[in-house]
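Input: structures, listed below.
The two complexes that follow have subunit A in common; it is paired with subunit B in the first and with subunit C in the second.
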Partner chain A sequence: MATTPSPQDKVAWEPRDEMTVLNKDARRLDGPVKVTGRAVYPHDVRLPNMVYARLLVHPAPRSKLTRVDVEPARQVPGVVYAEVLKSGGEEVLYQGDDAVLAVVAAETPEAAEDGVRAVVVELEELWPPMVTPEQALADDSPKITENGNVVVAGTRGDQAEVEATLGRCDAVVEASYSLPVQHHACLETHGCVVDFDGEKATTYPSTQMVTGSTGMFARELGISRSDVRVLTPYMGGGFGAKFGIGKEGAVASEVAKALMRPVHLMLTRPQEFLMAGNRSGSKQVMKGGATKDGVFQALYVEADKHGGMGRGSLPTPPYIYDVASNASTIRQVHTATDANRAMRAPGHPQASFAMESMVDELSYAIGMDPVEFRKKNLSSEVYHRQLDRVAKEIGWAEHEHRTEPGKVDGNVRVGIGFGVSTWGSGGRPGCKCEVRIEADGSIRSSVGTQDLGTGSRTYVASIVAEEFGLELSQVEARIGDSDLPPSVGSGGSVTTGSLAPAVKDAAHNARVALCDKVAPVLECDPDELTWQGGKVYPTGEPDRALTWKEACATVGSDPLVAMGEFQPHLHQGRVHGAQAAKISVDTLTGEIKVLKMVTIQDQGIPLIRSALRSQINGGMVQALSYGLLEQRVHDADLGYMLTANLEDYKIAGVQEIPEMVAIIDDDDTRQTVCGMAEATCIPGHAAIANALYNACGVRIRDLPLSADRVVTELAKRI
Partner chain B sequence: MSEPLDSGTPRDTLSRRSFLKGAGTVAAAGGVLGHPAHGEAPAAPDQDGPETIEGTVEVELNINGETVQVEVEPRTTLLSALRHRLQPPLTGSKEVCDRGDCGACTVSIDGKPAYSCLQLAVDLKGKEIRTIEGLGTPERMSPVQDAFCEHDASMCGFCTPGFVMATTVCLEKHPDADLDKIKHEISGNLCRCGTYPHIFTAALDARDRMREDR
Partner chain C sequence: MVLPTSVEEASRLLPTAEGGASAKLLAGGQDLLTELKEHLVEPDTLVNLKSVPGLDTIEWNEAGELTIGALVTLTDLEEEAGVVEKLPILSEAAASIASAQIRSVGTVGGNLNQRPRCWYYRAEHAPCLKKGGSECYAFEGRNKYNAILGGGPSYIVHPSDLAPALVALGAKVTLKSHSTSRQLLLEDFYTLPSDGDILTETRLKPDEVLTHVHIPKQRAGMRSTYLKFKERASYDFALSSVALCLWLDQGQITRTRIVLGGVAPKPWRTVKGEQAILGKRVDARTIEMAREACLDGAVTLSENGFKIPLTKGLLTRAFQKLA
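Presenting the complex of A and B:
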């Protein structure tokens, strides 16, 4: 329901308890096309006269090319184009997009693959392959970046002072924690379709940045940005990996220019693993100390980020916790592998695993309840109520052993662990939204944003429906088209904070404009109208209502068009969350089964509650997956990636999923909006590792928590 | 996927092994499969029977109740035939791994779930193939599809058609399936967004709705 508006009023979100569309569960607008297979993703685009292109990506990390010959590929039936992208005499410097040696385009995907197989490559592989941190750190290793293999990214604090404080602590824990490189593993691989006629182009990339992709294609095609249209109504997962158009977008553009035919170029699944992004791995050596009163007094950290050719990500210790005396050094250790990319809360799951493990170790070391120890060392009251809530939901108070672990006796033991999360989120200018109302009652909300599966398409409509007291289904949402008003890219959970205020502003402006049209008909003041239940009436006189259609008839022959833009006061940054995990571990075999996970997450106004719960659950699933299963593995001698497909790179499946409880933190009464998706994947794996310790006293400091690691540690405790 | 297609029963085509023998030259029983559409004339049958076909053949497929002629290569998977050879193409079945890891291309063949990336199109003459497009439309969704919408069981949506197919076939075979049974039957499918708990709820709800309709 929308109450009396006034053109002078500053646009503001309605009180939550008066909302009729927002702050409710909602069926997503794109649900029906997705569940029936009608949604056309970039992979599904079929254009007349289209060719299929495939890349030749050599799996060796470092090599000297002596010959790349595409002539045999050109002889393959169906192949229409084959070009060398890296020639004999050149070097491959690292695994991934630097090893894209050739491209072949053909009438069918199979023929393109035949063509790729026919390309003759001769090269000398360079040794050592430099794919592991150990190889990068060895004294006699070749330099693989201009700045060497190790770059100090930042130091802070006074190590001597920290050591002195540690000397006064009752408990000191020294430990090294490590996390492997993780892959985004988007189910739709990277790629695009490029349709270029020599002057204008329509492109269909699988992207998390519709508006911004125009410039990238324009550069590659040598045309102006206004001559590029990007269409991505649906895309099959991003998680941070799909911002640029990538090497694949550049090559597709080249082929399209050469052939003047639409080009469909998608990475294969192994190529997706080799060159389409990853979360940097990490090794964090820590020394932490606490006093018996439960104060985390001091922390010293030496951390390495394993981002391949990239810089890696890791927030500065002590991360979320308050540790008065702290010092740290963070280094980048480079390997000859593809650069890390943003991945859902870059750096945070890594920092969280080490810090939450250290916090847990200290709490047990001083014999304090790990929930109480956390609360003692977190200044924000938000975390206190959130930890209490998840502790209640997971059954912590009833749990048998809270300050010491369970026994290793060959039986299945149950344990509970915790972790907290944070994320900056926020929003920024850049989104513009158009609300258009026609005399026949049709109303649509348009913005060139993208929906990665978060539900953004749906709230682009539901915010407008709320404004006019309509049903969600009455408002059409148009997104995924760069010809629509611009949107920011979807990274850092800024989409909601940037986009929703612009939609709200447009909706407000449209309402003010429509009030001006309707008021004379109802013979009342424009700011004395109430929009409710698909009707509009002078406030307090519902029997004088016009139906929505009747109200729209006042619009006249030209549509009513209102624009909106980012309004800073409608958003905020900073979200908080807490998670708990309950697991069982077979102390004979080391098998872990996650029984239950609970998350509470704040985000200001919940726009679509059902979509929020989906995000929370999705974050928990990804954390569980990272904790138990995921790791990129290289053959250290040959340099080849051993996990470049979904049977060797395991992600959580149906059978790994525990009971999950997603709690929207309704005690967060901020009357603003904020994205929250990234925070939800941060502490789950740490909570599981802490639950393992609680269950049986086994502390695994290296992810994933595989049964072999657990059973090895169990053996030490018998 | 819980169980393979019938194996061990005589096929109306020749063995898969002979298809896969060698690269470039592929043996096929042309008389059964159809006639060569392009490429060379069939070679004379060798003494053991099978004749060799190069290029493409026409195969008759029964997809979503319609009989269609599709020109395929002997090595063309059902997934590729659906997505690239049919006119108009059926792109609801997704290609994610193309090697039987993820279930995004799940279809039903004679009422059983199958990864279409692991089926050769030429093998499927006479089989009843159902794809996601055959279950319902956005305007008239099947109970499973509607339940997926109701319980927010789809985020990016790329795995969704495969999960809808797997769930549908599961509930057709096991109308009284409990959650453990459902999990077992759909455990060949992967989702990266983490919609699983919502899929479970949707599947149970769809089961109840389908029971009421019985």
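Presenting the complex of A and C:
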């Protein structure tokens, strides 16, 4: 419903309790086409005369090529194109897109695959392969980047001063925490279809940046940006890995230029693991100290980021907590493996695991309730109420042992752990939205944004429905097309902060324009119209209402078109969250079952409550999977990644999923919008590790908490 | 792909010990297809056993013996009423395998003849011992999932969950070619890498088809269970498993069968462990004796030492469950 503010006022969000479409659960607009398989993802695009391209990626990281011969591939029936991308005499510098040696295109995917296998490669693999941090740090190891294998990324604070403070602490914990490289493991691998006729191109990339992809294809195809159309109405997950078009997009463009036929090039699942990015791993050596009164006094950190050829990411310690005396050095330790990319809250889950473990260790060391210890060292009141809420929901007050852990006694023990999260998630200029109303009552909201599975498509419609007092189903949302008004890419949880204000602005402007048309018919001031329940009437006189259709009839033969753009005052960054996990552990076998996870998350106005809960649940699942299972494994001698598939790179499935409670923090009364999805995957694995300690006193400082590690530690104590 | 209509015909299509046709038997395809996709085998012909009638039944005879056709699916085995009632070990083993989707097409014959999952065996580019190469990369490489018992020179573990349960039940298998038919104890069907031919895990001859599994009538009073530890509960192979049959008379163990899975290149029956506890009551001391005796001779590699405490833990849980 919309009455106030009057159309001429500055656009503002309605009070939450007056909302009829927003701040409610909503069925996703694209739910039916997705669950019935009618949604066409980039992988599914089939165009007349299309060829299928496949890449030849050498699995080992470093080698000297002597020969790459695609002639045998050209002889394979069905193959129409085979080219060398890296030839004899060249070197492969790292595992990933640098090891793409050739491309083959064929009439069928099978023929393309056979073609790739027919390519003759002769090379000398260089040893050591440089796939582990140990190899990178060894004295005599070869330099794999121009700047060497180790680069200091930042230092801060005064170590001597921290040491002095530590000397005055009642408890000091020295510990080394590590996290493996994590993969995005999107259901849809990277890739695209490129349809190029020599002048114009239509492309179908699996991307989290529809508008911005035009320029990348334009560059590769040698045409202007306006001659490229990007169509991605649906895509199968990004998590930060799908901003650029990548080597695969560049090669697909190359093949399209050569053949003048549509080219379908999607990475295979192993290639997805080898060259589509990852979350950097890390090792964080910490020394922390607290005094008996519960103050976290000092922290010294030496951290390495393991981002392969990339820089890795890790926020500066002490991360969320207030630690007055702190110092740190962060280094990049490079390996000859695929560069890390952004991945849902880059760096934060890594920082969270080390910090939340340290916080936990200190609280038990001084015998203080870990929830109270956290509150004592978090200045924001928001965290205090959030921690109290998750503690209540998980049953902390009734839990037996809160200041010391349970025992390893051969039985199944239960434990509870906690963690908090933060994220900036602002909005920024760049989105424009068009709302178009036709005389027949149809109304649509269009913007070239993307829906990564978050539900953005749905609120592109629901914000407009709210504006006019319509049902969600009455408004059509169009997204995923670069010919529509531009949108920012979906990274850093900025989509909502950037997009929703633009949609709101367009809706507002459309209402102002429609009020001007309707007012003369209703013989009232345009400022005094109420849009409610599919009707419009002079405020206070519902019996004089026009139906939506009647109102739209005033539009005339040309549609009413209103544009909107980013309005900074409609958004506000910075979110907070707290999580709790309850687990059981069989202290004989090490079997961990996560029994329950609880998350509370703030974000200002909850645009679609069900979509928010879905993001929260997804964040919990991703953290659980990271904490318990996910592990990429290399053979340090051969250099091969041994887990480049979804059987060996283990991801949580249905049986792993606990009872999940997702709480939207309604005490956050900010009348602004904000993205929040990234924050939800930050502390879950730390909470689980802390729960393991609480259950049985076993502190595992290396993720994942896999059975081999847990049972080995348990066996030492029984 | 050819569709034979009899075991004899299928056998004729297969290679002989001297070589010949490059053909592979195909049942549910849940293992073979992955091997084909990874180019670990590249046969010219697939001999689809599914077209052979009569191999998909589960039959109890009057003597209480059970015969399971090679094409019986894991789901059918798991759910068969007599199996559920009399042989929980077998139904539990079947239920523990993979996912519901895979169980609904995977067959008993295919499960018993599936190939190893070792990372290096499955990595096409690593020419490991199992693929005719000269090195077991797991021995000095990444070996978290590899063998602690019976290993060397290859350290694979046998992946089948049915096998330990069936060995514990004293099952036999019928192996038929176009000209021969023989029965073997399943226990003797499996081989260790040190027994000779390292390219296979069984005594199946190239032109033989495993047609049936036979389970003898069990002595009265048997209690049985199959406990499997999966790293990922949703679907996973065993990090370690325990197949345990126990007969008690007034609290004393009169007979037992203990077979371990996931820890050796074949289902690992531990006669020593069985003997150590005969005549004893199931108490903490007895379990401790069993645990020690069962893992006697275990040799760990750099990353699989955890399998010892894990297997011991499972043994305790299995005894606790049955006592």
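Quick note on the criterion: the second predicted complex is superposed on the first by the 715 of 718 C-alpha atoms of A that agree within 3 Å, B and C clash if a C-alpha of one lies under 4 Å from a C-alpha of the other, contacts with A are read in each partner's own complex, and residues count from 1 in each chain.
We take it that a residue touches a chain if its C-beta (ideal position, glycine included) is under 8 Å from a C-beta of that chain, and two chains touch if they have at least 3 such contacts.
Since the model is a prediction, treat every value here as computed from it, not as a measurement.
Colleague: After superposition on the shared chain, which partner residues are touched by A:Met235: those of subunit B (first), subunit C (second), both, or neither?
Modeller: Only subunit B; A:Met235 stays clear of subunit C.
Colleague: I want to verify the contact counts: of subunit B and subunit C, which reaches more residues of subunit A?
Modeller: Partner touching more subunit A residues in the overlay: B.
Colleague: Check whether A:Ser176 is in contact with subunit B, with subunit C, with both or with neither, and answer first, second, both or neither.
Modeller: Neither: A:Ser176 stays clear of subunit B and subunit C.
Colleague: Report for A:Thr669: first if it touches subunit B alone, second if subunit C alone, otherwise both or neither.
Modeller: neither
Colleague: Now for A:Arg46: first (subunit B), second (subunit C), both, or neither, which partner does it touch?
Modeller: Touch status of A:Arg46: first partner only.
Colleague: Of the partners subunit B and subunit C, which touch A:Val621 in the superposed model: first, second, both, neither?
Modeller: Touch status of A:Val621: first partner only.
Colleague: Kindly classify A:Asp586 by the partners it touches after superposition: subunit B alone (first), subunit C alone (second), both, or neither?
Modeller: second
Colleague: Regarding the shared-chain residue A:Gly31, is it in contact with subunit B (first), subunit C (second), both, or neither?
Modeller: first
Colleague: In the overlay, answer first, second, both or neither for which of subunit B and subunit C A:Ala715 touches.
Modeller: second
Colleague: From the superposed pair, tell me which subunit A residues show up as contacts to subunit B and also as contacts to subunit C.
Modeller: 651-655
Colleague: For subunit C, which residues are in contact with subunit A within the complex?
Modeller: Against subunit A, the touching part of subunit C is residues 39, 119-120, 122-123, 125-126, 137, 140-142, 144, 229, 231-236, 239, 303-306, 308-310, 312-314, 316-317.
Colleague: Quick one: which bits of subunit A touch subunit B in the complex? Just the residue numbers, please.
Modeller: These residues of subunit A touch subunit B: 25, 27-28, 30-41, 43-44, 46, 52, 108-110, 184-189, 234-239, 268-269, 452-454, 610-611, 613-615, 617-622, 645-647, 651-655, 657, 660.
Colleague: How about subunit B: which of its residues touch subunit A in the complex?
Modeller: Listed in rising order, the residues of subunit B that touch subunit A are 73, 75-76, 80, 83-84, 88-99, 101-102, 104, 131-133, 135-139, 141, 145-146, 148-150, 152, 154-161, 164, 183, 186-187, 189-198, 200.
Colleague: Quick one: in the complex, what on subunit A touches subunit C?
Modeller: The touching residues are 59-60, 117, 410, 586, 588-591, 629, 633-638, 640, 642-643, 648, 650-656, 706-709, 711-712, 714-715.
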